[in-house]
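Each in structure tokens, the structures are laid out below.
What follows is chain A paired twice: with chain B in the first complex and chain C in the second.
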Partner chain A sequence: MSAPVAAERRWTAMIGPWSLTVALLAGAWVLNTVALPDGSSEASFVTRTTIGESATTRNLELTVTGVRAARTLTDPQGWSAGGEKTQGTWLVIDLDAAALQSQYAASLGFAELTIGDRTFGATERGETFYRQRLVTGVPRSGSLAFELPADALKGTATLRLSIPADVRYDGIIELPIALGDIPVEESIVLSETGWTRG
Partner chain B sequence: MTIPTPPQHREPAPRAAVERAGWWRTNRLPLLALLVLVPVVGIGVGWNEWHYAYGYGARKVNAVVAADKGTIELNGATWGPVRSGEIPDASDIDIPEGTRLLAAVIPVEPDAAAIACAAPVLVQQSTGREWTPMRSEIGIPFNDEEPSTCISDLADEDDPNSAMPYSMVVAFVVPDDVEGPFWVEVDPVGDDRFVRFSIDP
Partner chain C sequence: MAGLIPTPWLLTAGGGVLLAATAAFGGLEEVQPPPTPTVEAGERYAGSDLQLTVQRVELRAERGNADVFPDEEKRERVLAVIVEAVNTFDEPRLAMALGAISPMVDGIRIDGIDAKPTVSRADRSGGTMLQPDVPAQLVLAWIVGPDDLQDGDEVTLTLPDSTHRVGTNVQRGVDFWDDVVVGARMTTTVHAVLARDDGGAS
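Now for the complex of A and B:
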């Protein structure tokens, strides 16, 4: 008679540890599921907008006023790039931008275009709005240009803009751009960087 | 030899009461330590964070404010008195509609050696919004006679202690609806304070 009783006692004694194990495993699984990916603590604060809609983040206010594409690019000073030799495409973003709080170190220092899993930085060639000074409360206008492979104008791209070159912990403005809808012109001239008129 | 009378046991106090009074008494040292350590930790952590942000002179917090039309002695130079005003609409200056151009002239008289400084900043006193000087952006070419930051012209080239007096001339493009008074701030290199003038052009 004593053997089954002892076995039963052993079995009941194991309920505690096993249920604790299950509870801990389940808790670990839940934690692992709800935890944000690595690097989330330094992720940017994203403000989403669309073409023609004004958006603000921290010290930056901007409106993308137009998107154009061309085989050849010319800046107001006469510098030119592209054409038949390069086989590439230029995507040009026209925008108005101003600083909100401080003009100190305020320039458009971050401009990236993501198409699928490829990310392109705004060109530093020619005279563009890239890294140009912003003025507190007074918008200035200009163009950013991205040099893309010839086959890149497909699907939807994401444009991300901000003031600091390092956007970790900082605000960025993000907007989608439907690349397929943009007619590719033979040649376009960049807007001159200057005060926003009209 | 007699057997000593055994000590008389007093009736013990109710156990709960002893525990209540006794706990505070037994732990009075840790409690005192807590009373000291909690504020010390708070102040220590706060100071450390503050020092990290402001302690290395990158963002100065100690302003030396000039009296109205007054001067300031700071960091081996005399600053001011500042003159300021709104530049009336000039056709050769490129500023957009809805803005005004505020200019400030800040005389600098070094005592001996030249002093370096960052370009002056215009700050709206009510909001803290900041403007930095504009020049090429408004179509005014660079001019030796109107430096927008500290310069080091020497009266005698061989004597570094013969810095000449000069005036910084700066202009700010400010929206029409931004109202004064403003601060004009100059931050000299080598001092943990900065110069501040109040203007209301």
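Now for the complex of A and C:
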């Protein structure tokens, strides 16, 4: 008579530990799913835009007005690079940019182009808009240039722009660029960085 | 039965075999490190995620495109190494590094000169940020005394190699190149380019 009672008691005694185990495993799974990837705490705040659309982040407002590509690049001062000697390609980004709140330390200090696995920085060679001063509320126009290997103009690139050179914890403006659609010109002369007209 | 197995003898024999094998492979003698490879002028060398092609070593009376300023009154000369550098890493890297021992382009040294070279672009444009897979013409320059080197002298260059690592904790995600070693040696001839008429030209 006593055997079935003992079995029942054993069965009820197991509900507690088993449900606790299931609850803990489910909790761990949820935590693991919800947790952001490593390094997310220092990730940038991204504002996405497209060519021709104005975008703002923190102290920066800018509009990318055009994208061009050429084998040879010449800056307003007459410096020139590219051509047959380096077999390279230049991607030129024309943009209007202004500071929003403060002119202090406001310059285009971060410009990166990611194509596939490779990331390129805006060239510091020649005279471009890179690291040039921005003025509060009054847009200036200029061009950034990226020196790329000859085979790089394929697929879609991501352009990231911001004011500080180190963009961790800071805002960046990001836009996609379809590289296949850009005609490669023989030569481009960069326009001088100056006030936006029109 | 157990007493019939000569355990001590077996152990001694095993030890003997171990010692003999060690002796056969050179005993406790230090292993010779593999010899440093040598490259020729104009030959491409790969190391530190860079491709370096040293093209020419020049002894100049004037600085030309080099970023150093020799004292004319002391008749100082410029020793210039013309290098094509390609960054084969997938992010831009500066051709120069902080610290006395550099894994980058300024880690190229000439035997007998301890100082780090000054690195500049051959066309004098901008800085020396090396974009991925984009070749850059660079000039490495040292100031040397008027009698330190002559036209036709042989010099030996060392090219750097290192190991890529990614930082952790506060350095998280930061790429750096560590454990700098001499990756290759190169012996070449100094070409004198004495543009200024200072009596030194023959």
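Keep in mind that, in the parts below, the second predicted complex is superposed on the first by the 189 of 198 C-alpha atoms of A that agree within 3 Å, B and C clash if a C-alpha of one lies under 4 Å from a C-alpha of the other, contacts with A are read in each partner's own complex, and residues count from 1 in each chain.
Criterion: a contact is a pair of C-beta atoms (placed from the backbone, for glycine too) under 8 Å apart; a residue touches a chain by one contact, two chains touch by 3 or more.
This one's a predicted model, so the numbers in the text were calculated from it and none came from an experiment.
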item	value
Touched partner set for A:Pro149, first chain B, second chain C, both or neither	second
First, second, both or neither for A:Gly52, with chain B first and chain C second	neither
Which of chain B and chain C A:Gly126 touches, first, second, both or neither	second
Which superposed partner A:Trp79 touches (first chain B, second chain C, both, neither)	second
Comparing the two partners chain B and chain C, which touches a greater set of residues in chain A	C
Partner chain in contact with A:Thr136 - chain B first, chain C second, else both or neither	first
Which of chain B and chain C A:Gly27 touches, first, second, both or neither	neither
Residues on chain A lying within both footprints (that of chain B and that of chain C)	none
Residue ranges of chain A touching chain B (in the complex, touch as defined)	100-104, 133, 135-138, 194-197
Residue numbers on chain A that touch chain C, as the complex places them	38-39, 42, 79, 81, 86-88, 117-121, 123-126, 146-149, 152
Chain A-touching residues of chain C, taken from the complex the two chains share	90-92, 121, 123, 125-127, 129, 131-135, 172-173
Chain B to chain A touching residues, read off their complex	94-97, 99, 121, 128-132, 134, 137, 173-175, 178
